[in-house]
Amino acid sequence: MASKVHLPEDRYFGPDPRQKEIAQRLYQQVAKLPLICPHGHVDPRMFADPNYSLGTPTDLLIIPDHYVFRMLYSQGVPMEKLGIPRRDGGKVERDHRRVWQTFAEHFHLFRGTPTGMWLNDELLSVFGVEEKLCGESAQRVYDQIEARLASPEFRPRKLFERFNIEVMSTTDFATDPLVHHQALRKSGWKGRIVPCFRPDGVVNIDAPNWHKNIDALGKVSGIEATSYMALIRALENRRVFFKSLGATSTDHAAMTAYTGELSDAEAEAIFQRATSGEATPEDATRFTGHMLMQMARMSIEDGLVMQLHVGSYRNHNPILFTRFGTDMGADIPIASEFTRNLRPLLVKYGNDKRLTLILFNLDESAYSRELAPLAGHYPALRLGPPWWFFDSLNGMERARELMIETAGLHNTVGFNDDTRAFPSIPARHDLSRRVDANWIAGLVVRGIVDMEDAEEMIQDTAYRLAKKAYKL
Amino acid sequence: MASKVHLPEDRYFGPDPRQKEIAQRLYQQVAKLPLICPHGHVDPRMFADPNYSLGTPTDLLIIPDHYVFRMLYSQGVPMEKLGIPRRDGGKVERDHRRVWQTFAEHFHLFRGTPTGMWLNDELLSVFGVEEKLCGESAQRVYDQIEARLASPEFRPRKLFERFNIEVMSTTDFATDPLVHHQALRKSGWKGRIVPCFRPDGVVNIDAPNWHKNIDALGKVSGIEATSYMALIRALENRRVFFKSLGATSTDHAAMTAYTGELSDAEAEAIFQRATSGEATPEDATRFTGHMLMQMARMSIEDGLVMQLHVGSYRNHNPILFTRFGTDMGADIPIASEFTRNLRPLLVKYGNDKRLTLILFNLDESAYSRELAPLAGHYPALRLGPPWWFFDSLNGMERARELMIETAGLHNTVGFNDDTRAFPSIPARHDLSRRVDANWIAGLVVRGIVDMEDAEEMIQDTAYRLAKKAYKL
Amino acid sequence: MASKVHLPEDRYFGPDPRQKEIAQRLYQQVAKLPLICPHGHVDPRMFADPNYSLGTPTDLLIIPDHYVFRMLYSQGVPMEKLGIPRRDGGKVERDHRRVWQTFAEHFHLFRGTPTGMWLNDELLSVFGVEEKLCGESAQRVYDQIEARLASPEFRPRKLFERFNIEVMSTTDFATDPLVHHQALRKSGWKGRIVPCFRPDGVVNIDAPNWHKNIDALGKVSGIEATSYMALIRALENRRVFFKSLGATSTDHAAMTAYTGELSDAEAEAIFQRATSGEATPEDATRFTGHMLMQMARMSIEDGLVMQLHVGSYRNHNPILFTRFGTDMGADIPIASEFTRNLRPLLVKYGNDKRLTLILFNLDESAYSRELAPLAGHYPALRLGPPWWFFDSLNGMERARELMIETAGLHNTVGFNDDTRAFPSIPARHDLSRRVDANWIAGLVVRGIVDMEDAEEMIQDTAYRLAKKAYKL
């Protein structure tokens, strides 16, 4: 028998007894609030089919989670041994119990990491696993999770209700016909799941499969995108469709925050070069920068909240990309500049209260230097929660410490779980609520805010800001 | 009746009881020391006229304070509603009670911000307001401040004495005839207020109104700046004049820290291109970089301490700039480089102990990477306190934590309030003294320094370093 | 009599009593473990001669330590007054007691600095000095250290044994004949001291004295490096020699992390331009970037661990460089980029488990943004401990806080003392062990890891990770 999982009631709060007591008091006020999940990557298919099964423990917790397998890979465990499917159909481990065993034997690698914290919580709170995961306990833990997953209580809809999710947004390609969302709406199930409009594949002319995506956009919208102007019309058409299925937001990813407006003629010329395969990298940068401004314009017109994720160098490792595809843990942040890059967009649209532009970034040095001052000035700008590597205990504490003094809490938008890993959602929100309770308790014990203000702040961070910013 | 203002005696100290006790002990040793205010933007006119009135609460606390109104603007409150005067004379709210009401209704936006901390302290300690500011209490608080401002005890000279200010520097254009400083000197009032020489408007050839400033410089100095050499002579002339009225320092702002010497012929050629309106942006950069070196040379000769403020992208929002002018909360930091940019100046003058060059910056990533190593080596270089957005509780803690290990405390210069908001001065110094007491107490409880050293350090940070570095 | 040195048993632990108690418990488990010193700059000559004397207190603690004299220099104390020898043989203070007096009178400058912490510990723990160092106590302290240094117990071999050093690596030029290492091996003394292969002087074509170094390489290897191909062969030859004397690692310094492969023809052409003195700065950058890749290839073949130190602008102050030479405290960090610069090397060799590439850097903004994500993915990459200015209490805490959540502890390599100052080694390791014990205790009190995991982690950080990563 391995040791018991360590998940104390007062976890994640700081050590000072008075701060901890206040943190616990604040936490208790929001611990049971419904979850607002305004940005994430859960597959809507899970909910469209009432009998959808989550598969084996390995299907659920390892194979789709690049946070997990990248850590083992970094320590020399081959991806094949973890059951990650190869693009060429090459041989990989198919025995999920063996994969689980490998994972459990390396679980010590996650000490002090957010993945470790989420998994400990998830295993105990969702699956009732009380034993600490290690090589010795691996198969018993597998048995236990497997048994739970087989029970009707572990169908995704049931979990959605048990998790007390008030609303969850998925993230969907602009060309997605949203059949699962349509099915969901017709099903009569009362869980609220809405799509989010992500047009990167058609507005970034250097996206993989851009030509294919443009064709698909024509088919799904009924407007063939043979020109820049037609592209704009097709996008506007899709936004209407997404809104009709409940979408309140769009999402955009760009390597840099560059924005800048082109004339219609310039945009058209670049679009035509892209169509004929002659666009340059500079064309791609300028077109993306222009399309971000178009997206801001459309958001002002149709009210969809605009999200922008900046700063990831995708697929840094070509060997892994070739063998396994995208999202293999090899997306690495780069330094980002916002003050000059975002200026064209902010100058044109940033003073317009009808726009909500939520920024996510992977360069913490910009938090206090650029992002907080920009958000503390422009009415349209809001700061998203710490993203990706920074969605962690220390990362969240740094974000509060570095941004709130200048930006103010009300220029932030609460928490996003931003995850594919559906059963980790409660653990992620809980960690965030605890970190915020502890941060606010710190302000109380240092005499910066009183309890009256603190109680408002914890409601804001845990629930109200996300709901308001995303118009949910 | 609203709640009472929350301003505990032990505010801003960390929660650990032993650290707090030591912090309080250290704080008590400096809490009543006179204030050294070596850099700021208070209007000397306030003191030249012994009966100067500070106006309404809105005149005093809202309209001139871009920290305050930018936050409301960022949440969608129009500047006009806050009484900020438009350049075109367009209609703005004139009823100061209404402006105050709007401000009070949004006061929750300042939770956890330095503005919130300063205002809470200022309202209670300076104006005796015990009620928490909110929409409900707004008019009662206004009444109370208004009554105080009407009393003779609230004339600026009286407040200066009550605040126990030992010396205060203003910041004055190179072309300023300093009539208020002259009047002050003649008045017999014993408060010590000195000017600081700021020549940006004439040495940065891309400054707004450069031609006008150059003309004014000619008039005020009696040396027409029709050539680069004449400009140098005119500046030297003005420095003598500023010194004669007590100045001990100069101040320079530049977007980057670029320095580099031009030959006289190059400098002259650029100056002539500027005169005829043909200078390029590169000319402007090179001329500023050259003039910073000239300023260092002059400082070595006349002993004025040289301050350099680097890294603000001014007037980022042209709509606001056009409508309301400068200093509207739309100055946004950019990343800054010092190791290479400052090198020409440091190589030429940095080994000269007669020079004191005090650096201010808005890019915290340079604190430990470039600034502390540079200041920990060059005899001429000192590090200014955290500037602007970073003049905050967290900002000051980070500055200590990131710079002192490498630079040593003695390569820093104590605190600057750097404010236009005269009645906030005691609150600002008090926050700084508390943060330092808490930081030093942290070193004591961790066994890094003993109490003997700690007591020296708090005297240094609260009083001695500023006085010495600025030769006051 | 001055005050007593302040060196409490629980120093460097945080103030919270529960965290402190756990930290002490963890610290006790590793406090007496042997020291692994896998990277440093101690002179092997010290140990080759069993009767080597460490000289005067000033010889030992001031003249060779740029951490010490740069701080005094920054406050206006001339280098000459500190006894630093001039290249031109110009007059400097020869009286070591006078130098010591000057140092002691400025010892307050080190309050809160790592140098201050190391010296306090070293003076008390190694030399038994119980009096606090200051001007008044200076000569008494000098007497005491002088007496100790004269005793046989203070011969370097004796100290090595007393310090409980299990293994220590020196750092040696590629052209070094390693006579002291050879003598050591033959001497029968059982202390384990190994060389480390540092080829910067021959692979960086812009290194000072490159031509001379290339000649020396020819002589020592018997392979005249008249071509790029011959250079490669000569380097491979030297690596075999270094390995034969126990080396397990190489070390490389570069201003940037730029890597990129040249064709053999390009490499040859640049080499020939360098030989004839016609190489451009761009040639130098490209050649270094190429040679780093060659070094990675060789490491895969011969198993030597590869260290890379990035980001120092060397000899920033030409006046000091001309007068006193290199390593005078005027090496200043610059911003560094890794995601793009290291990519060519990582793409080619980063997936190969046979390579261990240990990165050191001087730009903390890259910790969480680039270094942790890269190390948390590539099997070959490990993160070195905080380097140089960042080898400090706060610097180590920041490194843990900013990197472990993403990289995981097992992608780091424990502690390096990286010092020339032999008698400071125990103090440096002790500080590091205390900081780690306190950090891990913080994870325990916040419920992030349990004591079982914590006990593994402290063994890893204090001993196991360094030994394993460096194959010692």
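Just a few scattered comments:
Each chain gets a letter, A, B and C, in the order it is written, and its residues are counted from 1.
One rule holds in what follows: contacts are C-beta pairs under 8 Å (C-beta built on N, C-alpha and C of every residue); 3 or more make two chains touch, one makes a residue touch a chain.
Values in this document were obtained by computation on a predicted structure and should not be read as measured data.
When chain A is laid over chain B using CA atoms, the rotation angle comes to 120 degrees (nearest 5).
Where the sister copies chain A and chain C meet, the same residue numbers recur on both sides for under half of the interface positions.
Separation between the centroids of chain A and chain C, computed from CA atoms only, is 40 Å. With touch defined as above, residues shared between interfaces to two or more other chains in chain B number as follows: 14, 16, 365.
The touching residues of chain A, counted against chain B in their complex, run 14, 16, 18-19, 337, 339-340, 343, 346-347, 350-351, 353, 365, 368-370, 372-379, 381, 401-402, 404-411, 442-443, 445-450, 452-453, 456-457.
Interface residues of chain C, counted against chain B in their complex, comprise 3, 6-8, 10-16, 70-71, 73-76, 108-114, 116-117, 132, 313, 316-320, 329-335, 362-365, 389-390, 392-395.
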